[in-house]
Amino acid sequence: MKRMLLTVITEQALERPLIRCVLDTGARGYTITDARGLGHRGLRTADFEQGGNIRLEVICEEDIARKIADALHHRYFQDFAMVLFIQEVEVLRAHKF
Amino acid sequence: MQQLDPVIFFFLLGLGAGLLRAEMRLPAAVYELLTVVLLLSIGIKGGVELAEADLLRIVPQLAIVVVMGLALGLIAFGILRLARGLPRADAAAIAAHYGSVSVGTYAVAVAFLDTRQVFYEGYAAAFVVILEVPAILLGIVLVRGLRPTHGWGSVLHEVFLGKGVVLLLGGLLIGLVAGADQIAPFEPFFFDAFKGILAIFLLDMGLVAASQAGTIRKHGVFLLLFALGFPMVGAAVGGFFAWMAGLSLGGALLLAVLGASASYIAAPAAMRLSVPEANPGLSLTASLAVTFPFNVIVGIPLYYGVLSILYPGGGGLS
Amino acid sequence: MKRMLLTVITEQALERPLIRCVLDTGARGYTITDARGLGHRGLRTADFEQGGNIRLEVICEEDIARKIADALHHRYFQDFAMVLFIQEVEVLRAHKF
Amino acid sequence: MKRMLLTVITEQALERPLIRCVLDTGARGYTITDARGLGHRGLRTADFEQGGNIRLEVICEEDIARKIADALHHRYFQDFAMVLFIQEVEVLRAHKF
Amino acid sequence: MQQLDPVIFFFLLGLGAGLLRAEMRLPAAVYELLTVVLLLSIGIKGGVELAEADLLRIVPQLAIVVVMGLALGLIAFGILRLARGLPRADAAAIAAHYGSVSVGTYAVAVAFLDTRQVFYEGYAAAFVVILEVPAILLGIVLVRGLRPTHGWGSVLHEVFLGKGVVLLLGGLLIGLVAGADQIAPFEPFFFDAFKGILAIFLLDMGLVAASQAGTIRKHGVFLLLFALGFPMVGAAVGGFFAWMAGLSLGGALLLAVLGASASYIAAPAAMRLSVPEANPGLSLTASLAVTFPFNVIVGIPLYYGVLSILYPGGGGLS
Amino acid sequence: MQQLDPVIFFFLLGLGAGLLRAEMRLPAAVYELLTVVLLLSIGIKGGVELAEADLLRIVPQLAIVVVMGLALGLIAFGILRLARGLPRADAAAIAAHYGSVSVGTYAVAVAFLDTRQVFYEGYAAAFVVILEVPAILLGIVLVRGLRPTHGWGSVLHEVFLGKGVVLLLGGLLIGLVAGADQIAPFEPFFFDAFKGILAIFLLDMGLVAASQAGTIRKHGVFLLLFALGFPMVGAAVGGFFAWMAGLSLGGALLLAVLGASASYIAAPAAMRLSVPEANPGLSLTASLAVTFPFNVIVGIPLYYGVLSILYPGGGGLS
């Protein structure tokens, strides 16, 4: 099965619930970097309480990626700054994911 | 006019630099460190004083302060709903911010009293901890009723385990248990350096306030008026409860300032997750870019001036 | 229309002009993370004045991505450390971009 | 020849050896961002000695990407937390890479 | 029971906050800064004292301390291999951690003695530098033999050019060359603020220890027992070598604490690259989440109590 | 030979650790924080002294210092163009760096005078602010003429709203307006801790200088000679202008050091955006990896020795 790289850019405040959602849906790992940015919900810089963004990456099978995207869409898109995109990737040791 | 405390100049410097888009930023890590040190310093100092105070007198004061937090939240909510018809969630979120308190503003008020050598109840830091909580809980209840979406467990976690409550309360307990003598070796860092650390913190707050300033216009005149007007109401409420609690003039100023100030540490974090449909920009802009500067520059000396005249035992302007 | 992810790695000093360029060209948002690296213009680490890099990501329609790339090429490639690449991505709520 | 984007997420402690490996294999540059994450080897947060991850990106020709992947696989996969993936990208000034 | 030094409360605060999953974190940059300042402070203080000490007496003491580091590593390795049959690499890595030392624990022990105004050899910081090295080298030799994979050059680089050795040794040399008078202008920052900085450091360590606590269970009861039991052995060994070196009671406590403590700065970095097949989780969890808290809360007063009774010249519990 | 001030040892420690590739780094956030504190400290101290000084005497001195900045820039540009035929943009960029000043070097010179208890004009921080600007403007004009690419607005923004000018000037104003009495509560943080903070800053600068050292070779011998030779010229020019301004021996040393030093905060940022075709590696390597270490280790005592003999009223070497 294809392996996908799912990237989510969203509010720092969501870090813990997001991780829970990703792991509950069946992904086996994730990577987070701190970020800042601008989108429909305005400027989000990192130099203040809850102000910054995180950039979460998950490598997983395609169906899991879709399930995570659905779950996030359902729960958070209405009320939170969030952007989500998916790419196909070639992964070493693909069975790990 | 009373001269500004120089610590305010640092805020103005940051604000000016930010508004002029100067090439200067203090990294997030610095802000975190300063906040931790400030919260601990205030807590420890309060705890040391608490260790020497009469607990029988203080416990009822703490209860009065809880009521004050709820009253402030309700008043703010009423104003926002009636005068403007803001959506329920937004009104509740802003009310939670204004019913809660700003530790930075409190620190400036303490510096103000220290400079003037005015007596105040040293354990007032306990009021700060207490006031962090009730308005936030109220704000959540006003939107979610008595059954929050993710259950009370998660709400209480947000409210009681935020950085503000944990470090203030932790500091209080440490100061209380250790007492003045054992805290002495920590004084150079937590007390002597306090005003310098507060200065850097205010410089940073100035930069942050400037970066938020652009959004004020977007949110309209009403929010601006609220953010400028409510502090006066809050200060009056604080003064009243201080009188009920039998505080000194200095203590009354601190409670008035707490009433006038709006939270930007505990409330934003808790409301974001508990009432996500509220626009976080509204409350943060109001409390940070308008109310904080107003209190720090105009409010504190103003409340002190008025209390000096009106407060029983105030004894007129010195 | 296809949605593209444009990534630019360049000098921290360019953060403000870059953002202006991206938004002026028609993109609706961006994300920035701090980075360090090595390229033709030598080592760029983040622990000194102006020393670090930023990594800017923009999701946008293909033609806007090309326009941004052209503008950056024209204005900055001659004198600044800069790398730019483009990938196609699948985006949730594509109409936002 | 196609240009590839190789991304490696691994332990901070490997930063120097990794860079050496990448440059020795023939790549002409790299970009690093600090990251944290979870995988088969457990949680890796950045707030302690050697605890965090780095996210290394290299743009290079396909065969070099494969060589780097092989070298890393050979040397580090056994004993270190490491994830590696490859994507094709369109690069401006491709001859640089 | 002896009262806890208040600096421990900060560790407990961090630990509690972490275990309750409070919304609080100290950024990595803060940890780095605190570590650098602590290492330099300890080094400089030791160097200033070294400048006034009798080098002829100290050199043999340093040699004794090298032997102690090797002895501790060998004992730990023996216990781990014999009692449990841990894989050679894991046993060697843990032995390297426990034969080496924890600077944070040392700082708490110094604060403990300062509070009680107990005399100790001020140049003991030199023991800390010395002890960083031998057990780590031993650990590598126990796995790789006398021919490490990437050559001795790279091993020695890892061991001698880690942050710990460089800053402690650098501080020692600065203090030694400059002497007390010239160091005086640095005192407010490096010495007076020390206890406050140590407090923030311990707060952070508490948070880190809490984040590691979850992994203890995963590694089984034996590791837990070792991490709680070995400190007692290490303290006894340290006390014995202190007696051999002719140290005072205070100096004996410091050497006992160094023996009891496990490295979490130098050893993890060096072992990760030199013996990568060892599971770094085992040694880090043991030293950080079990041994560090144990020493800091229970160990130091315990060792002091025992030494007060048993150590020649200890003169009984005060 | 005069003994080195111990603050230099921290620079040497950083430099040594960096050259040996020790596993040590100070995060960017730490560097930012230290810079902010140093700039503010220097500014505030200068402002407090300015409040007590005779403004009528100072204003002409400031004018003299502006001329000095332009003179330094022109001399540097001339040398680089004539002696070597460097491209116009590169020569102008380097000239801007060397006509401007290094705050870190200034801080070390102040520490040098303080240690020796030599009198100096306390308001000299005002010279630092003033000198930041003219050479940078000159550098831009030398390349762009009187019509910079993005207009003067953007150039002036770069030059006047960099961190250096804003914080030094802000500090000066705060010190000036508040005066010594009101600044007193800030002393523990901004003044007493100064030397310790400077020590950590220099440690960091040593690491940075080491990381740049590799590029010196790449840029050839001429740049190395310039970076070692120009400080002597700059110090002579500074000494001459100090004499014109009627400064004391201590003040003359400070102005000589400012003349000898090269900017690595204001100039790189401004030149990068205003003259991007200049190779930033050239000027940064020269000023940071060669001139800064040279001034700090060799230059300051050397200039002081020479001035003690030659400067009117210097009164010979003590």
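Think of it as A, B, C, D, E and F in the order they're written, each chain with its own count starting at 1.
Everything below uses one rule, namely that contacts are C-beta pairs under 8 Å (C-beta built on N, C-alpha and C of every residue); 3 or more make two chains touch, one makes a residue touch a chain.
Note that this is a predicted model, so its numbers are computed, not measured.
Note on connectivity: the fewest chain-to-chain touch steps from chain A to chain F number 2.
Listed here as common contacts of chain B and chain C: A, F.
Any chain bridging chain E and chain F, meaning touching each of them, is among B; the list is complete.
The chain with its Cα centroid farthest from the Cα centroid of chain B is D. Taken over every residue number at the interface, the positions common to chain A and chain D amount to under half, indicating a different-residue contact.
Greatest centre-to-centre distance from chain E is found for C, with centres as Cα means. Interface comparison, C-F against B-E: more C-beta pairs in contact at B-E.
If each chain is reduced to the centroid of its CA atoms, chain D and chain E end up 34 Å from each other.
Averaged C-alpha coordinates give centres for chain A and chain C that are 20 Å from one another. Chain D and chain F have CA centres that are 40 Å apart.
In chain F, the residues touching two or more other chains are 25-29, 33, 188, 193, 269. For chain D, the set of residues that touch two or more other chains comprises 33-34, 87.
By the definition of touch given earlier, these chain pairs are in contact: A-B, A-C, A-D, B-E, B-F, C-D, C-F, D-E, E-F. Considering their complex, residues 11, 13, 17, 41-43, 45-50, 52, 78-80 of chain C touch chain F.
Partner chain D is touched in their complex by these residues of chain E: 25-28, 31, 204, 207-208, 211, 215, 264-265, 268-269, 272-273, 276-277, 280-281, 288.
Those residues of chain D that touch chain C in the shared complex are 3, 5, 19, 23, 28-34, 59, 87-93, 96. Interface residues of chain F facing chain B in the complex, by the touch rule stated above, are 27-29, 32-33, 36-37, 40, 157-158, 161-163, 166-167, 170, 173-174, 177-178, 182-183, 185-186, 188-190, 193, 269.
On the chain E side of its complex with chain B, the touching residues are 5-6, 9-10, 13, 16-17, 20-30, 33, 111, 114-115, 188, 192-193, 195-197, 199-200, 203.
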